[in-house]
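Labels A, B, C and D are assigned to the chains in the order they are written; within every chain, residues are numbered from 1.
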Amino acid sequence: MSTINPASTPNALAHAVHGEAAHHELSFVRKYIFSTDHKMIGIQFLITTLLMLMVGGALALAVRWQLAYPWKTMPIVGELLFAQQGGQITPEFYTMLFTMHATVMIFLVVIPVLAGAYGNFCIPLMIGADDMAFPTLNMLSYWFMWPAIACFGTSFFVGGGPASGWTSYPLLADLYEAAPGSGWAQNFWLLGVTFIGFSSMMGSINYLTTIINMRAPGMTLFRMPMTIWGMFITAILQAFALPVLTAAGFMQVGDRLFGTVFFIPSGVVVNNAAPTIGGGQPLLWQHLFWFYSHPAVYIMLLPAMGMVSDMLATMCRKPLFGYKPMVYAMAAIAGLGFIVWGHHMFTSGMNPALGMTFMISTMMIALPSAIKTFNWIGTIWGGNIRFNTVFLNCVAFVSMFIVGGLSGIFMAAVPTDIYFHDTYFIVAHFHYVLFGATLFGVFGAIVYWFPKMFGRMMNEKLGKLHFVLTFIGFNGTFFPMHMLGIAGMPRRYADPYLHPYLEHLQPMNLIMTWFAILMGVAQFVLLANFAYSMFLGPKCGRNPWDANSLEWSAPSPPGHGNFDIPPVIYRGPYEFSSPLSGDKDFLMQTEPPVTDNVNDTPPEPDDTA
Amino acid sequence: MRVLQLLILTLAFAACLPGCDPPESTFVYNTKTEELTRDVGSAVKERLDGDFGSPKNSVAWLRMPVDYGTFKGEVVEVDEDASSAYQFRVKFGSNGDEETDGEDEEDGQASPTPGEMNLAGLAIIWKSGDYAGGSQIDGGKRDGEKLATLQVAAWSKDEENGEEGLLSLRQLMDPPPAVGDTFEIVGHKLSFGRQLYAAHCQHCHGTSGDGAGPTAEYLNPRPRDYRPGKFKFQSTLKTNRPTDGDLQRIIKKGIPGTYMPSFLLLEDDEMDSIVQYVKWLSMRGEYEIKLVTQLYFDYEKVVFDEAVESALEDGLEEFEDGTRDEKPTKRSIQDELIETANADLPDIAEQESNVLKDAWTKENMTVVVPLVARTPDTAESRARGRVLYVQNCAACHGATGRGDGEQVNAYMVNDQTREKYPEPGLFDDWGQSIKPRNLTRGIYRGGRRPIDLFRRVFEGINGTPMPPFKGKFDNDKKINDARTWDLVNYIYHIPFESRGKSAGDSATKHGRTAASTPSTR
Amino acid sequence: MKHVKVYLPIAVAALLLAGVSGCGGGATDVPTITVKPAEEAASPSTDVTPTNGAKTPGVVEPPPTTGGFGTFMGRVVIKGGGVESRPALVLKGKAALDPAVCAATADIPDQSLLVSADGGLANVFVFLKKAPKNGKDSLGTEAEVLLLDQQGCIFEPHAMVVRTGTPITVKNSDSKPHNVKTKPALGQPYDKSLNQNQTGELVYDRPEPVPVGVECNFHTWMRAYQLPLDHPYGVITKADGSFEIPNLPVGTHQFVIWHERSTRSLFSRFKVKIKSDGDVVKETIEVEAAKLTDVGGAKTKTIKLSLNR
Amino acid sequence: MRYFWAAFFMFWPIVAIVIFTISPAMNWWFPGAGDPDSLTKGQSMTPLGVDIDNLFYLILIITSVVFVLTHIALGYVLFRGARDEGKKALFSHGSHALEVMWTIVPTGILIFISLYQLDVWRKFRVMSSFPEAAVEAPVAEVTARQFEWRIRYPAPGKKLQLKPQPDDLYTVNDLHVPTNRPVMIQLRSEDVQHSFFAPQLRVKQDALPGQVIPVWFEVTQAGHYQLTCAELCGWGHYKMKARIVAEPQTQFGKYLHDLRNEQNDDGVQDKKSGDADDE
């Protein structure tokens, strides 16, 4: 267990000083349910997304089961739903499974856990604000997630469930007859995406306003921790990309319900329905969808990058290597992220000249990613590392991000993408980025900010156990997917072994499935640790990690209004092991300058050595 | 903490429990079987299970003309030391008086060998030796009465020695068979067919072939229900069953315009096994329907209850008259009536299974072959065909072939309820709404060869309102066939005819045709 | 931190793994096969040896040795008077198809319910399901020509009892094509398209438990009923509802009384007792009007046409 | 324990590299012609596919080097960090020189990869650079539908028309093409979006409803190749199993001829007398 900083002020004192917070006690409902406190909303987001993670994971396991034992009895699900078939699931059920797996994981886990949970919790604390700019809007952004969950949940039970993949490509998603049974389920799905869109939009407006306007004195832009930069850029991305998806969603709803033909060409006959009368273009959806969904990939990554930068610096007791290049790289990723959506459509039949343009821009996006990676390694270099759960998860993030990034180059190169498009290679790639990188970052962040959330530490041994099991399970599940991709196994096949050239891959899939089950089981460790530590973990002081950033100067957990002493910022967040810090190896942002050293004036923003 | 621990442990166990007892796939019984009074219904089910079994434990009823797949072999070595044997060395392929020198003999004389095939679960019948004659070994005892239920547990082929290898059985044979005893291993096609059916067909066509699998409700048209023994597209007479070749053709080519996909790339043995399994399922379904039809009239729940009431009254009268010894009770009357049903059932089963056997026997199928070759596709021929079309086909398929004839506005009578359907249009024997084919799209579900179209016209389409036109165009059979060819020529031409005209007249009438150029199937 | 907590999740993980692997795992779906011989062994599983006669068609019954023969005659009438007459199937000149031939001069009446002025119900099938013991086989085989004509888009006659193996000549007397289609529950179906004056031959190969519907696929309203029997004890009622079944051997008989407008038979076991030779049993069979209108009502299955929209 | 964790992170890239190295031997590699044990395993059967493979190997080498180097670097800093327990960490905010270096080098590599591959892309997709012979006479029209590939050939000796002709020949799930010459197919979709994916030929192109998309390839070796669908098209997506049969021109001609005879089968004429054409 890390040392508890003796310098931190005890909680009791904090309450006494910060009298405002104590002056009215809120009812249970106002405090824990319809709370407008950003911390409570963050915790609500976190717990909700962790539960959704289990749901999404269960769906993934069902998918994996089918790939390991095609058309064999599927435990629990198959037995309950398809008893007469001997527990054998059906292909359309499989389609629903992977569609909902992606939907839950993307819309209900990764995006909300980053922007929702940690964005909410960290932003005011790390920039020295007492709450978000619009607390009620903030509450709404959480509560708009529930209609979305309800819609997605309903779509399971309407007809055969949504069955067009999370990408919902027309015409499969557009015509009722094309994906028979998905009918109202697809409508509910679109509605759910719209609700999530509202939720994200509210969050992003709030974050932008808060970060721009509510920074504490001395918190210049270049003194903000990387987490805040990540959230800031993510919020910009969301604000600009989301309307496109929402619009596209409405267009699809229009096609489905109100007889518009945005995506429907003429004369298409599906399931013996009357030929369509149209004039629309299915590719339009892909353009609109990926115009959002490619930036969405960075929405799902940038905050994690920021958080990992902070955690790595703290655990290595070392300033972040190249703070400004990191910020610029992030901005570059976001900027380029808007002009690369076409790389999802190389084989879709769009103009080949566009393919070349998108290919070059996509290649270029590898550059800032590379810079970030090198900087993280540079950060660890020469550090005095604390090998705790947080650090391990962060290194896993870096390592997995390297794999995910490098495999992306294969897809960025159009000719190889011709082959790899929609094979398991891409599945491996985005799981390495979204799970390997983002979720390991999130697992680290859970442990890192847990003391600030609940005033207690998480169990270190359980944390390491969870990390090791997840890491092994993760790589065992997803690394072989590269091989599957090279062998040409297409995505979304309920039974790939029907094809002779894939028959020999079944044993491999079987092993992967068991790794996936291991990984699924490992998450129970996390839940157990979380639940246990929330109530019974050892109590901690204000700054258990000896970190620099602002939130650690607030009580754990912070009371209403966050800071008992209004913070003033004198330097950047990464002044670890500074020669000026004396015995300690950290120098908090709020700590006033040591006056007898002329060099320790409030630092210049320029900190590249 | 203890509570949490216990909770997690309990949850973990709960999660494991359903996994331990995987459900068996089962056949669904006909709704009419379920409508029988309970005892009779269960007697029928028992009969059915005895004759056909379940998907997991199938019965190869040798009476049915299904090729269940047979491997012949003989015992070459038995471990002398063992007083009993589960396993012994056998040799396949050289059985009885047959020579197996040529593998490529296709006349069925060469006995097939299992190779590396998994023989687990197949039945073994002894053809010579102590165990011959359909006797069965049950728990080490010989029982001359029952039929063989001995099953193979495993078969491992010797690497070096051709078709020799170790055969293990699930049951104990005591005493072990003698060297030189010959046997047959029966049912590999049934077993393989079942596995393939489960993977490829079951989710649409249903475990029992009732066309009501979980996917079925989303499909238009609905998947075929094999149970009545009716198949739409066959080369044989309408009243006949389809040949194996017909079923194969449908599986290979798929049915254009429907969700039945083409399974062209199935291996030959896979195809054969699936066809045999589908036939077997169809026989099981028809057998059930026929059994129930014979009993339904008297033993349907409502009818049966009424019958019991009236029989009770009569019985009481008789008792008062003195012609009956005991005072009848409702229970005893019920038992009496059910006893009659049970007494009848074996005979009905015997009769129906024989009818079924005859129906599916290849010799009883007549393939439709035109008497004259196809008339050259000339304008004159098409003009003659057009005349026939207008007279005979336009009522349903419409004057321009769009499937919009007057018939689609007429009401049909439901055969089951003898009442009009609530909606206009045509319905098939399965009670589903169907439309006359739109001939302008160039999609021919039963195949696009001239012979396919000829057969559709000549024999009609089984189970649908498409009637046979054989002998209708002329009393002279040859002339009739020639006229049929004229009609076929015209039908081929319909897609191009409608396109040739200015799109205006028909397009405005039907709204959506501008783009529906005959799409490529 | 107590060490025991660390082992808890490990135990859970191990349990879960063990649980799932032990059960679902490689569960194979390979069925077991049992062989049932083509001919059942000497004693089949049931110990009842079938003794009932007249099971298979064509079995000639021994001539009557005892008793004698009686007659069952009577009328089928509607209880409490008539029912409202059915509207015409096709109004004059309003036929959906071939109006020049069908209903050209008059409406096509609905023949499914024909009630005479005094309540007699026509076209009711009165028959024995199985031939009685000691019955006469010769009856009904007098050389009557059975003809099913199609005239003015109506089947004529509307109802008919026929012996198995006896051919019925089907004929089209109209100038438009017709076809004759049967879908018997047990026997071979029949389907033939006919031009004007073409004929065909319809033969039933098996007796049926209920009358078989005959239809024409061109004119969906056309319908007739035919009951194939392998014995002579079945008649249809005449226009006034009367019928007569002679030559019933002495004993108790259970008649089926069936009408097309009732989903089930009107009586499935109508008992008639012939006490001695020459006995004439006269019955007036009353049928509730309600029974004749219940057809279809609740049992009609609605076919869902569209999928979701 | 600190060293254990450092080693832990070094262990898995070694495993990864080992898996990648043994993959070709284990058949976890590109599908080739014929059975997996044949000499041609893993090789593309089209010249363009060979280009794609070469590009793949080039990128694989570059990324492997980067992967190995970054992980060695990661391992190095971890071990150093593990060793330096208790000491104060290095106080450094970064290095300009390093930043510039690791910006410029990857830029160069990435631009090289981008430009290097443009040619392959041009050959595959840009209509104007399609081989003329292929463009002039498309072999067949392939129409994807739920869930099969329907194929339309022109009658022997005729050219494929955009609209169906009365003498066109039809098959399903069985595309025959001549070897050793570029062939072009017209790709269509009847209902939803599908994707024409021939893994051994390294060809993939989405079929869009309402569009006709030309695809060309040249098969150098006769044989049977897989054809699958790579774009989710509904519940039966995985069922779209078809094959491409490449055969020498003469055999291909014979195939079309046989197909025409089968297509014109009227059940009467002897099928073997192949010249009895009605048309």
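Here is the rule we use: a residue touches a chain if its C-beta (ideal position, glycine included) is under 8 Å from a C-beta of that chain, and two chains touch if they have at least 3 such contacts.
Computed from a predicted structure; not experimentally measured.
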{"item": "Closest chain to global C-alpha mean, per-chain Cα centroids", "value": "B"}
{"item": "Distance between chain centroids, defined by C-alpha means - chain A, chain B (Å)", "value": "52"}
{"item": "Chain centre separation in whole Å, for chain D relative to chain B (CA means)", "value": "40"}
{"item": "Distance from chain D to chain C - Cα centre to Cα centre, in angstrom", "value": "61"}
{"item": "Geometric centre distance via CA averages, chain D-chain A, whole Å", "value": "31"}
{"item": "Residues of chain D engaged with two or more neighbouring chains", "value": "146, 190, 235-236, 239, 241"}
{"item": "Contacts with 2+ other chains: residues of chain B", "value": "1, 8, 15, 19, 22, 25, 55-56, 198, 215, 218, 220, 259, 517, 519"}
{"item": "Shared-contact residues (touching 2 or more other chains) in chain C", "value": "5, 8-9, 12, 16, 20, 23-24, 27, 29, 307"}
{"item": "Interchain contacts, given as pairs of chains that touch", "value": "A-B, A-C, A-D, B-C, B-D"}
{"item": "Complex contacts: residues of chain D adjacent to chain A", "value": "1-2, 5, 8-9, 12-13, 15-16, 19-20, 23, 27-31, 36, 49, 51-52, 55-56, 59-60, 62-63, 66-67, 70-71, 73-74, 76-78, 80-82, 84-96, 98-99, 102-103, 106-107, 110-111, 113-114, 117-118, 120-122, 124-127, 146, 190-193, 195, 197, 199-200, 202-206, 208-211, 213, 226, 228-239, 241"}
{"item": "Chain B contact footprint on chain D (complex, rising order)", "value": "141, 143, 146-148, 150, 152, 163-164, 166, 170, 172-174, 188, 190, 235-236, 239-243, 262-269, 278-279"}
{"item": "Chain B-facing residues of chain C, complex", "value": "5, 8-9, 11-12, 15-16, 18-20, 22-24, 27, 29-39, 41-46, 48, 50, 52, 55-56, 96-98, 112, 129, 177, 179, 181, 183, 185-186, 188-195, 198, 206, 209-210, 213, 215, 217-221, 223, 256, 260-261, 263-265, 268-269, 271, 295-297, 299-303, 305, 307"}
{"item": "In the complex with chain A, residue positions of chain C that touch it", "value": "1, 5-6, 8-10, 12-13, 16-17, 20-21, 23-29, 307-309"}
{"item": "Chain B-touching residues of chain A, taken from the complex the two chains share", "value": "70-71, 73, 75-76, 79-80, 82-88, 90-93, 159-160, 177, 180-181, 266-267, 269, 271-275, 277, 495, 498, 524, 528, 531-532, 536"}
